[in-house]
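Order of writing sets the chain letters: A, B, C and D. Residues in each chain are counted from 1.
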Amino acid sequence: MAKSRFEYVKTFELPGADALLPDTWLVVRLDGRAFSRFTDVHALRKPNDLRGLALMNAAAGRVFEELGGAVVCAYGHSDEYSFVLPPRADLYGRRASKIVSSITSVFTAAYVWNWPRYFDEVPLQYPPSFDGRVVVYPQTQHLRHYLSWRQADAHINNQYNTCFWALVHSGLEPSDAQRALRGTQTAQKNELLFSRFDINYNRLPQIFRKGSFLFRQASGGGAKGAEDTISSKGRTPGTETSRSDPGTGTCEIVAHEEHCSDWCGKVQASFRKNLVCIHQDIIAESFWQSHSYLLD
Amino acid sequence: MAKSRFEYVKTFELPGADALLPDTWLVVRLDGRAFSRFTDVHALRKPNDLRGLALMNAAAGRVFEELGGAVVCAYGHSDEYSFVLPPRADLYGRRASKIVSSITSVFTAAYVWNWPRYFDEVPLQYPPSFDGRVVVYPQTQHLRHYLSWRQADAHINNQYNTCFWALVHSGLEPSDAQRALRGTQTAQKNELLFSRFDINYNRLPQIFRKGSFLFRQASGGGAKGAEDTISSKGRTPGTETSRSDPGTGTCEIVAHEEHCSDWCGKVQASFRKNLVCIHQDIIAESFWQSHSYLLD
Amino acid sequence: MAKSRFEYVKTFELPGADALLPDTWLVVRLDGRAFSRFTDVHALRKPNDLRGLALMNAAAGRVFEELGGAVVCAYGHSDEYSFVLPPRADLYGRRASKIVSSITSVFTAAYVWNWPRYFDEVPLQYPPSFDGRVVVYPQTQHLRHYLSWRQADAHINNQYNTCFWALVHSGLEPSDAQRALRGTQTAQKNELLFSRFDINYNRLPQIFRKGSFLFRQASGGGAKGAEDTISSKGRTPGTETSRSDPGTGTCEIVAHEEHCSDWCGKVQASFRKNLVCIHQDIIAESFWQSHSYLLD
Amino acid sequence: MAKSRFEYVKTFELPGADALLPDTWLVVRLDGRAFSRFTDVHALRKPNDLRGLALMNAAAGRVFEELGGAVVCAYGHSDEYSFVLPPRADLYGRRASKIVSSITSVFTAAYVWNWPRYFDEVPLQYPPSFDGRVVVYPQTQHLRHYLSWRQADAHINNQYNTCFWALVHSGLEPSDAQRALRGTQTAQKNELLFSRFDINYNRLPQIFRKGSFLFRQASGGGAKGAEDTISSKGRTPGTETSRSDPGTGTCEIVAHEEHCSDWCGKVQASFRKNLVCIHQDIIAESFWQSHSYLLD
């Protein structure tokens, strides 16, 4: 059989053609494919389903585990997740297609595999999938702004969705809810939530408002970040609360659900080593001052 | 919250940067990541495990289903699968990263989700994953040669592996088996299989020797390909045999396993519409003469 | 001096990053940069200046000479020129930036160097320049259509410009001439030229209406193309006429200029070997039937 | 004429496909094509020809003029020139092929056009050409290292060439000169020049040893850089000397030629505005401290 006769087709693979620029930050962002149908079919809770968010975080944790040290941190909310590779990363020779397909595949596999652990009462009707893209950021400031952009987006979307679903759950048609919210500003939305639904937006769980940020704690970290993050071992209730708790008050909107710290604890327990998941403000300078090693 | 302040980072996404040349054949090839470890941990049969091949084929079928008409045909063997998109395909505006990540994700999700259906007695220990790449072929002849290359490779690898594992199962150390096979030609390998292990290589199941080719039968197909392919409905035992059976003789190497047509039938039953999976020679002109519509 | 300390910056060159797909047609198209100012400053004749077209063709001929066999044919009109590299071309390992910069540079150098030979009475006021791009065409049919597109464009632009400048030369303001031509069709433009200016558009020099096509005649070509092309040696007046002459009638618009065959002859004389420049229809099938070797 | 029928071929141009990453330094480096033949044919002086270097610098100045503010600085030596575009540059939407072809074309045109001004006694035998490439540097430090790399290279090459041509001019065959220099270090080369040819390498003209660096002086520059650079107006002999003079001693190797400051003055006079050309160390921190605005 003439192997060599056909092998020339390998020359079309152009291995360098999708090599990403050295010494730059790489972000691989995944998005759920057709997740509005998927969440309908599986009756996920709106505007947020803690089980679904926990499953996303667990799947993200698997990416850290599979790709060794190549991933520095990750940020997710709703059905999207962004993985950050540092300038020094040499994963697959920085070939875009291998990087994006591997991360998407590891995440997808973990999502499907972990589904029964987070949705044991809801059988998976069909396998969900994600698409991915890779973006190159030349400077650390760009990366900071990227993460800020996603977290700002998470807030804006969540606030809108919280209003929208409160209106819909109260009996409005979706189109009427949309109309009611058109053009409203942040303050008006908070007022609407408070006056009509007795919801204090700022007391909603941080995981809803801030999304989830995964990273490895500095090894032997000493004081560094010790106040606000915890490894899966040696967690203390106090820090836990500050991380994933809705706050001091009653968390009205999740009252009928399990407490979010239960889910976050389950995710955290699935992580190895010093990987942690927090739900904090990553826009402000303060977080990065205490975690500057992530950007080195 | 200053959304606009950060949103400029979107300009780094360069949407056109990975657009693939119009009017060319696209091939997305997936490869199992670290599958030698994966097959060890899950004790897959060597050199071939019908359950594993059937699962790969079922996962490939899911790609056809999820991506609508974008995929024309697919070829797989061992832990790799190639999906062919025609020159007219406009999936995701032909953006490489979206195409490769989506197909990898759909395949991965289906593989994990279908695992218990094909390996019900073997619990999945951890989620397996795949990487992908996309290759552009300007002419139909290149695509034909690509598929020929993969099938020629499947044959060469399978013949080697059949010898290697026969030697190892007979008691040789892997390194001794490697040494025994070094430099041997096709005829010598067949002779070794026949004289020492009473295996007639050409009677091994076609799925092992030829791999699997998925495609949609021409609708209203009439005579076209009627002899050698069958839709999931209206299958007849005769054609089935010609497709996945080892031939007229005894299939020694799979004697201890389930019959391969059982597995192929299970895969076929999971397919919708007119999607079929065959195990034939796709290098020869004859196959393409009766399936020329696939290349139009 | 620590050479090695800095040399790492070479790793940013990513040599494979702009490699063009193998086995495809490559077209490098050059366009004059700010040529409307350039033609004004140097008082080129409008709508066409034979000296300028001849100089463009001479510069194009230099590209054939400098790049060896890498260029198969070229087509130019106005201030643009397209060079065609065949699928087998391996110039600079098919690196886009090297190909496009070299061809642009060779053309530019030849344009400036040859200027006094074609514009001896017009001193070059400043050095003109061109920009280039490279386009990949997977199939021969695409290339044929590309050349047809440029020639169709040449015709449309030339017809419009011939009307526009006839009106302006007759005393209209440019803005009034534009208004007069808005929305007119081919037949109306020809009628306008004939009735108002006594110009039979179809008797204008072919070089204006068809542009210029450069290629190498088949070596030892025998009958092939013998009727319509001529090498620089052994030209005969008859074929010359059929190539660059306006036709049998009087060429009103160039009456005040030198005859176009003088200029074409000068260009042709500057060519080596069997390179020829013709001004024919390259859209129709007939040309390619007698020059099919160009597309092999 | 069916314009639209062919116009679809424009879709193959993929305008975004070669867009360069925003907010990064771009370097376009030109190299003379086949310049060893070109310098032979035109009998340029070896190892350096002041007329040739001056012509290169004049051509580089034209690039600054034609491309407006897009070019921040440039560095050249021998037959190569690198142009630096800042992170904010939006020239041609940062499309690689347009950027590299335009700069190469402008440079080439200026080189050919200016030839008689610098080589009036040497007619140009044929038009020389250059090729170009574009490299992306994500951080300012990379750009600094790129420029350092080129200047270090200039020194190494010049020192070798000075020795090589001194030996050849003294009667050695080129191959013997090569052999004599094989494996020699910097100190040995300087010793050879001094002991055998009475040449003090460090007294050779700075333009030979350091190459040429072009940049615009800060407008309204006040003290900034006032000591070491001069605009074309208001030049003073003292600063001139420090710029292009071989130093305080006699410049043996150029004794038979025109003085290098004559050539540099001619180049400088061809520049508009505040563009200057210097021959200093751009590796050391000190230069950049007084010209930090170039890197902002």
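The rule is short, and it goes like this: a residue touches a chain if its C-beta (ideal position, glycine included) is under 8 Å from a C-beta of that chain, and two chains touch if they have at least 3 such contacts.
Keep in mind that what you see is a predicted model, and the values were worked out from it rather than measured.
Taken together, subunit C and subunit D share the touching chains A, B. The interface with the greater count of contacting C-beta pairs, when A-D is set against A-B, is A-B. Greatest Cα centroid separation from subunit A: this falls to C. Distance between subunit B and subunit D, defined via averaged C-alpha coordinates, is recorded as 56 Å.
One finds 50 Å separating the Cα centroids of subunit A and subunit D. Inter-chain centre distance (subunit A to subunit B, centres taken as mean C-alpha positions): 33 Å.
Counting partner chains per residue, subunit C shows two or more touched chains at residues 12, 21, 23, 136, 142. Looking at the complex, you find that subunit C touches subunit A at residues 11-12, 14-17, 19, 21-23. Residues of subunit D that touch subunit A in their complex: 21, 23-24, 87, 136, 138-139, 142.
Only residues 1-3, 5-10, 12-13, 18, 30, 33, 62, 66, 92, 95-98, 100-102, 104-106, 108-114, 124, 126-137, 142, 145-146, 148-149, 152-153, 155-156, 186 of subunit B touch subunit A when the two sit together in their complex.
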